[in-house]
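Just below sit the structures, each encoded as structure tokens.
Each of the next two complexes has chain A plus one other chain: chain B in the first, chain C in the second.
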Partner chain A sequence: MVVINFIIQNILTQSAIIIALIALLGLVLQKKSFGTVLTGTFKTLLGFEVLSAGSTVITASLTYFGKIFQHAFHLNGVVPSIEAINGQAMNTLGLGNEIAFTFLGIFIVNIIIARFSPWKYIFLTGQALLWMSTMTVVGGKICGFNTVVTVVLGSIIGGIFAVAMPALAQPFVRKITGNDAIALGHFCTVGYLFEAGAAWIFGERGENKHSVEDIKLPKALEFMQDTYLSVAVVMVPLYLITAAFAGPKWAGVGTTNYMVESFLQAVQFVVGVYVLLAGVRLLLGEIVPAFRGIAMKLVPDAKPALDCPVLFPYSPNAVILGFVTTTIGTVIGMFLMPVMGLAVILPGMLTNFFAGGTAGIFGNVVGGRRGAIIGGVLHGLFITLLPALLVVALQSLGFVNASATDSDTIVAALMYAFIFAPILKAI
Partner chain B sequence: MTKIADFVMGDDAMFGFNKKKKVEFTNAKELTSKEIENLIIRAANLKKEISEANADDEKIKLYEDLGTVYVKLNQTDNAIFAYEASLKIKEQFGDAYNVLLNLYEEKRKIAAVAKDDAEIQKWIGKTDSLLDMSKRVLRSNMF
Partner chain C sequence: MNKKLKIYFICGNGLGSSLACQMVVEDVLSKEKIEADLEHESISSAPGLRTDIIVSAENFKMQFEKFEMDPEIHFVFLHNIVSENEIKEKLIPVIKELSE
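Right, the complex of A and B next:
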């Protein structure tokens, strides 16, 4: 009894171990060799710890940034980063267990829906599933659900999203790729549909529709070649400008010059993202292949929903235009949100590139050049509004100066905050 | 089926999309023995031209032509080899990427029906590599 109690209280409460055990389950189900099971399980454990280390670095940097932004502008400045939200949820808020079980649950619900319904989509982007499980668990906590309800409801909602989002995007994907072989598995689909809708209203139609691909775009975005450089290009000036307004009293630490300190803190943020994403890769490196192998065997006629770069080759100019126009939209949104009484949401370069770029393809295919340009700017505003709506709920749970990014995961969390929670209160 | 379900499942009429315009990816029609014979000769000639070609651009074009011939002959493995050889010389967007994405998916489906886990992982892994390439090419095209 003492041993069982020890295991329950000291081992099974550790998120790193729970996640490692899920990976172990997947590897055993695939009848992998003992050595592979052992190394795979350990790598997953290691991944969680690396992710946590990255999260600690990001949180420290964001705490500093939140403080100087408050003193500089007397406003709540929030960095949109799903990585930071995931890291804080797993690490600081101790939601790792729920997130791990929900991640597994989403996989299972996705397979069940694909197996027994006409919607054969299997969501293969592991990282996006991790973000979705994070946000449904956060939603469960917003509503005050216990662990079991949080995991079960999160699995069902996440599983439905994993099928519904590729299904909703598929008419556009068919048009873009020219066939029906693959689907899009990226939880920014609400944003893509929003841009498609905007492009349909404001874009070109019929014979007047001119594709972005027919024009030659300037190639002057060298910094986007490197993921971390692209984060630094935004974060360093943001920290420096904010520190300049805050002054040495708030931005300085010890004897270090306040501008130097803010520069180093911005670099720390980039380092944190680097470490955290390395942890995510380690963490998912064993779980995802194991479970997608199982999914494919159970649903052999599955339509794989793949990450957004799958569409880039079909419309590369639209990706660049989508990135630029979405960034313009997010910059406008940054100034607009406080006017609406919401938090200042700073532009997030990674989201602007991947989600903005893919949204650009949707805008172009529906409304040509004009559709992509107007739709892109509106998309930027849309993906700034969504995290702004979530800020109050996130901060009430203890999240530090960050909000989520991927629009579908935000919509899922907003469903909890704006639909489930009021219903529960009313009952 | 409801209108929403129609939209999701395949009615592309909204947004002005026309489903009938769908690109035919593989040549499904039955080939005559004469056509097969011509294609085999064409493949042999292309292989010879590849071995004699010096310029990369020329080789890329020849490998892609060879891939197209193999797709028509329904020789998927050979087609994959040819298109992969083209991308090995130079990573770029175009036919090789588009066709490989579909051929990998065909092979993945066959592996899934056969419940062959190693093959499933192999073809999903290759698809992942294509996505990585997509990111690399887009970024290198941006300056």
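Right, the complex of A and C next:
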């Protein structure tokens, strides 16, 4: 008993070890060599610890930013960053185990659905699955579920999303790529469909439809593909302006000048994102290929659903236009949310680039230039509204100055907050 | 084959599409019975990389031209980064050339 208790209390409650064991299982099932199993398992363990380190850096920077924003504008400024939410959930709130098991559960449910239904999609974008497991676990906590219910329900809901979202996007992806070989596995699909719908209503049709790809866009914007640079381009001015309004009393730390301090803190935010994503890369580098190997054996005619940049080479102009228009939409949204009585959601540049760029491709293929422009701005408003709706629930759980991005994961969490929780209360 | 080549796959974050590409290349290489070291990274970390081959999507070509990359590195840019045919067509000849 003593031994079992020790294992349960000291080993199975350590999220890093749980995740490493999941990788170990995947590698052993694939009959990899002993050396590969050992290094793969260790890399996964290392990845989790690197992720935690990045999360600590992000949280420290966001805590500083929240404080100066409060004193500068007497408003609550929220940074939308699924990376920050994941980091805080895994570490500060200690939900790492539930997230790891839900991650595994989503894999399993995904394979079962793909095996026995006509929708043969296998979701292979590891980080998106990690964000989805995070948000379903957060949803479970909003409802006050115990660990088992949180993991089982999260796995089922996540698994359904993992098949349904690529299936819903496929008619558009077929049009974009001209064939049926690629499927899109990225949990911002609700936003893409929203932009496609807006582009259909407001865009060009028939003979008047002109693709964005026929015009030349300034090459200067290409550096935005370097996502850490594009995050810095926004975060640094954001911190500096806020610090200027807050003044030396709140923004200064020790003897460091307050403007210098805010500049360094903004850089720290980017550092945190960089480190956290490097951790995610280590964490998933072994698990995703293992999952793919297993899934392809169990579902012979499976169609892998992949990360959104696989579509970028098909429509590079639409990516840049989608990024710019979505950013305009999120800036308008930032001013609009407090008017509606919601929290101030600052523009989230990582998601503006990836989700905005992909949404731009959808808008362009449905409604041409005008569709991509109007649809893009509306997409920006849409992805600002979603995290704003979630802020109250997140803060009641103890999240610091951050909200989620990635529309599908928010929709999943909102289902918990606005459908499951009220039903539970009524019973 | 004399030496094991190192191949890096690059995308914006170094998370999703580079890994997707890497997995397809792994399949192609094992069919061709070629052994190589495969890694994936973000574009931010690309300058200063030491490797034999870099594989990336066409939309990153401009960025690599701006970096001062090691002239020894061979580049392969793909239109569809998960197409086995395109990989066979563009990457395999480079590998064969380098391993001779």
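Everything below uses one rule, namely that the second predicted complex is superposed on the first by the 424 of 427 C-alpha atoms of A that agree within 3 Å, B and C clash if a C-alpha of one lies under 4 Å from a C-alpha of the other, contacts with A are read in each partner's own complex, and residues count from 1 in each chain.
Heads up, the rule we're going with is that contacts are C-beta pairs under 8 Å (C-beta built on N, C-alpha and C of every residue); 3 or more make two chains touch, one makes a residue touch a chain.
Note that the structure is predicted; figures quoted are calculated from it, not measured.
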So, after the overlay on chain A, do chain B and chain C clash or fit? They clash
Next on the checklist: Quick check on the superposed pair: does A:Val231 touch chain B, chain C, both, or neither? Answer first, second, both or neither.
Outcome noted: neither
| said: Between chain B and chain C, whom does A:Pro300 touch in the aligned arrangement: first, second, both, or neither? | reply: first
On the A-aligned overlay, A:Val310 touches which partner chain: chain B = first, chain C = second, or both, or neither?
both
Which holds for A:Ala181: it touches chain B only (first), chain C only (second), both, or neither? both
Chain A contact check, chain B vs chain C, more residues touched by chain B
Partner chain in contact with A:Gly206 - chain B first, chain C second, else both or neither: first
| Can A:Val280 be said to touch chain B (first), chain C (second), both, or neither? | second
**Message:** Under the stated touch criterion, which partner chain does A:Val319 make contact with: chain B (first), chain C (second), both, or neither?
**Reply:** both
Notebook entry, point to check: With the two structures laid over each other on chain A, which partner does A:Ile17 touch: chain B (first), chain C (second), both, or neither?
Noted result: neither
- Task: Would you check which partner chain A:Ala128 touches, where first means chain B only, second means chain C only, and both and neither mean what they say?
- Result: second
Interface residues of chain A shared by chain B and chain C, listed 124, 177, 181-182, 219, 222, 225-226, 289, 292, 304, 306-307, 309-310, 312-314, 316, 319
Counting only contacts in the complex, chain C reaches chain A at residues 11-17, 19-20, 23, 26, 40-44, 57-60, 62-63, 78-83
Chain A contacts chain C in the complex at 124-128, 177, 181-182, 186, 219, 222-223, 225-229, 274, 277, 280-281, 284-285, 288-289, 292, 304, 306-310, 312-314, 316, 319, 353-354
The residues of chain A that touch chain B in their complex are 30, 118-119, 124, 167-168, 170-172, 174-175, 177-182, 196, 200, 205-206, 219-222, 224-226, 289, 292-293, 296-297, 299-302, 304, 306-307, 309-310, 312-314, 316, 319-320, 357, 366
The chain B residues in contact with chain A across the complex are 7-12, 14-17, 19, 22-23, 25, 93-94, 97-98, 101-102, 105-106, 108-109, 111-113, 115, 117, 120-121, 124-125, 127, 130-132, 134-135, 137-143
